[in-house]
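What follows is subunit A paired twice: with subunit B in the first complex and subunit C in the second.
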Partner chain A sequence: MPEILLEARKLSFTYPGEDGESPPALEGIDLKVAAGEYVALIGPNGSGKSTLLKLFNALLLPTAGEVFFDGRSTADARNIPYIRACCGMIFQNPDNQIVGATVEEDVAFALENQALPPPEIRRRVSEALELLGISHLAASPPHLLSGGEKQKVALAGVLAAASRCLLLDEPTAMLDPAGQAAVLETLQMLNRQRGITLVHVTHFPEEAALAHRVLVLHGGRLVKEGPPAEVLADLPLLRALGLKSTAAAELAWLLREDGFPLPRGIVHNRELVEQLCSYARRI
Partner chain B sequence: MFIRTEDLTYTYFPGTPFAVEVLRGVNLSIARGSFTVLLGPSGSGKSTLLQHFNGLLQPSGGRVYVDGEPLGYSRRELLQLRQKVGLVFQEPESQFFAETLFDEVAFAPRNFGLSPAAVDKRVQRALQLVGLDDAAFLAKSPFRLSAGQQRLAAIASVLAMQPQALILDEPTAGLDQAAQDRLFALLQELNREQGITVIVVTHRLEQVVPLAHHFLVMVEGRIIMEGSAAEIFSRPDVLERCGLALPPATRLMQELAAAGLPFSTAIFSLEEARAEINAWRERRAQR
Partner chain C sequence: MRSITLGRYLPGSSFLHRLNPRFKLLLLLIALAVIFVLKTYAGFSLLFLLLALAAAAVRLPLRLLAGMLRPIAYIVLITAIIYFFFTKGGVVLLRLGPLTVEQAGLSAGFLVIMRLLGLVFMSMLLTLTTTPLDLAQGVAYFLRPLGRLGLPAAELAMIMTIAMRFIPVVSEESQRLLRAQMARGADFGGGFFSRARKFAPLVVPLFIGAFRRADELALAMEARGYRIGARRTRLREEPVTAADWGALLLALAALAAVIYFRL
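After this line comes the complex of A and B, so read on.
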């Protein structure tokens, strides 16, 4: 049984002042995320993705049900410093999360509340910068960096704070393709080499395909979960929700409709390449 | 020409140690009724350029012309300009100021002196066009919408101005697929049926290739290339230099071709890829 890091039990949430006006932002969510897991969270605009992330690190508290981080309920205020220290959050807009005058300062800021001795702070900051490949930017003012670099600075802050879990709210939405690729590569490295648990909200199907498990929210409810090969190959469901799958999954679906003998569960380009090559050998 | 620049330069924080020259002599022309896509890596100056088109930024050097006239920057001139040229910001929340979604979208029509009934109609219409017409949203603060809903609200408030030119700075960021499809269908309709001039910044080529007449590529504050989709795509070296990703269908066909399958890589959409693969399958079946 893997260690469970995040858990929601019968979780519902209504924004204060919204009751009666609109349906709850989240309703009846039961969910477990294992330590070291990489989970993608997808769903239409307004389906409750960002709300769920904010409940996970106790920025919001449940209206009903409970949320646990490492077995500790967010409803108990004494747990909140621990949860916030372990669970870092990265937002869409890299500009809104920068506080320091230099990259180094900005990363160190993430450690401010941990009362560490200065040499330990310096060690952690330089280690985080090195791991993300941005040591050369240590003395630069963050506002002069590209969007992808800014997101790496934000990630370095979370890493220096030794977070075990990262909550990522569309971290690449404001980046160009180069910045997007750099951030995705970093996320995979953090998950694989550091065992950091990732919950990654995205509108890009290619990003969801990188996760171990994909969760689909719709109207505040969890409507499907499973490995990418299952969820991202379920085109009827995705289409019904106004979502899209990866290019490989979409094309495989179209070709199957045309009578091409292809198996289900194709999500990545390499899988479609393999299938077509094997078809070419057979026929 | 609807929008034209002449040797446009712009420096943030001029005369200070922080001065950065972001636009370095931009000369461009955008025809009335055209659909233009502005490409370029992050930091190349795209957003800075767009903010010159509706007078939010004033050139450090050179000139901007809209509708044949050099821009003036008095309050009155700017008001007139902004009725003609609507800009949707890259960061939608930075343009909100009203207490409710209704008031936000109603701001421009009210300013134009429309009757309350006419304002109401414009607001409903604009929200309907972007798919944000759930009545529960009207009284809600725009700051209390989800990220994607905020972007749709920002687009609706510019649509409600009924401008002659619509400029959108990375409008699909944070939108779900259905909202993106709806937005591009709307832009195409406004452009083709109503002759609205459209200018879009985006990194996602696949969505704009079928719609756009004209592509501009900006690198380090200069337009380094312009032309039709075919002209731009024939230069993958340039695309790569400015960090642009090829459409997913193109990348997929490239991987198939690299694995030795006899496919063209000059393919930009899934439908084209589908046709290419089916034709190949038929040729093999006939052998």
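After this line comes the complex of A and C, so read on.
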């Protein structure tokens, strides 16, 4: 049994409404994420994805149930410095998460909060900037950057902090295809080589397909979880929620409806191509 | 209103950029003293010559300079006019009905213009060559002794930093709101008062935006481990060099010279 890093037990959360009773944003969530796991979180707008992320690093506290990080409850204020130092978070809107007056200072912010020695901070900052290919922006004021560049700055900030766990809220939503590919590659590298746990909220099925496990939220409830091949191949469910699967899965579904003997669980383009080629060779 | 340059940093590596921010704040204080002691044309010519050299060293673009002086031009002009007409003494130089401009008024007005311009110019040089964070850190350093009296110096520094960081953001947002209104056919022309009245409806969305932004920013700072009262380190612990001490001594010498030679 691998070590559990994140855990939610019977978690429910309701935003304090202006007029008493608003519907809960999350309800009855039971969830475990192992250390080193890569989890994708999908679901329609307003299904509670961002809310769940904020509960994981104690920005929000459960209305009912409990959330644990590394076995420590987020409800205990003494655990919060530890949790925040271990959990890096990228917010959905890159504009309002940048604190520093220059890119460099912003990337250093979390490290300064951990009171690391300045030479160590400098080393890690330039490493992170290099990794994301934004070293040339080090001295720029953040408000002059494009949305995608801001997103990379935010990412560099959590990378520099060398967090054990990254909570990513649509980190590629504002990037161009090249930037998107670079970020996804970086994330996978961090996950594989450094064993960093990833919880990745996304509206792109292609991104969800990269994860080890996909969770589907709907109306604040966890409606399905499993490996991408299982969840992303469940087109009836995704369609009922107004979601889509990867292009390969959608195409495989159509082909199967037309009588092609394709197996279930195709989500990547490569898999579909291989299946079709081997089919062509057989006939 | 086009561009609010207060607290806008001009990246560079000039002599002024490299001075320690704490020393730069001290230099500014001494320079202010110099400005208020100076009273001759020769003295001011010398001061502005020095400031021009500093601006050249910083590679201050003229366009930026003009942009920054424009908003204060009115203040300078109005103050000067008040002095011209209301300080009396000496030869009458100009008579406009009941109003007269006299010798004393002219020189007092001139002094005020020089002082205001010098003041703005020097604070500008400081903010252009020092990042807001460094500046805030420098101010916090001098506030530190007040920490014993319960003043949260580090938190104040953080507040100043963030305020400065968000000035350009909010000013850009106001431009965006303005353009959105104009796209819907609003007309922001007219005289000062009619324009002020037309701008009023923009204030509410601007404030709401600022509050929402503050909320999100607080959340992001918390998520990144910021805690009030916790010990922090800095990316750049500014070193104090011989150049810093040299600059300080030179400034003090200049102040002494200005006083001694009654410049």
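Keep this in mind: the second predicted complex is superposed on the first by the 265 of 283 C-alpha atoms of A that agree within 3 Å, B and C clash if a C-alpha of one lies under 4 Å from a C-alpha of the other, contacts with A are read in each partner's own complex, and residues count from 1 in each chain.
Simple rule for what comes next: contacts are C-beta pairs under 8 Å (C-beta built on N, C-alpha and C of every residue); 3 or more make two chains touch, one makes a residue touch a chain.
These figures come from a predicted structure and were not determined experimentally.
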item	value
When subunit B and subunit C are modelled together on subunit A, clash or fit	clash
First (subunit B), second (subunit C), both or neither touched by A:A139	second
First (subunit B), second (subunit C), both or neither touched by A:I283	first
Contacts of A:G157 with subunit B and subunit C, given as first, second, both or neither	second
Partner chain(s) touched by A:N93 [first = subunit B, second = subunit C, both, neither]	both
Touching partner for A:G46 - first (subunit B), second (subunit C), both, neither	first
Subunit C region in steric overlap with subunit B, selected from 166-174, 184-192 or 238-246	184-192
Touching both subunit C and subunit B, counted on subunit A across the two superposed complexes	93, 95
Subunit A to subunit B touching residues, read off their complex	15, 18, 21-22, 43-46, 50, 92-93, 95, 144, 146-148, 169-170, 173-179, 203, 206, 242-244, 246-248, 250-251, 254-255, 258, 260, 269-270, 272-273, 276-277, 280, 283
Subunit A-touching residues of subunit B, taken from the complex the two chains share	20, 41-43, 90-91, 134, 136, 139-140, 144-149, 152, 170, 173-179, 203, 243-245, 248-249, 251-252, 255-256, 259-261, 270-271, 273-274, 277-278, 281, 284-285
Touching residues (chain side subunit A, partner subunit C) in the complex	54, 57, 59, 81, 84-85, 87-89, 91, 93, 95-102, 104-105, 108-118, 121-122, 125, 139-143, 157, 161
Residues of subunit C touching subunit A in the complex	8-9, 11, 131-133, 161-162, 164-165, 168-169, 172, 213, 216-217, 219-227, 230-237
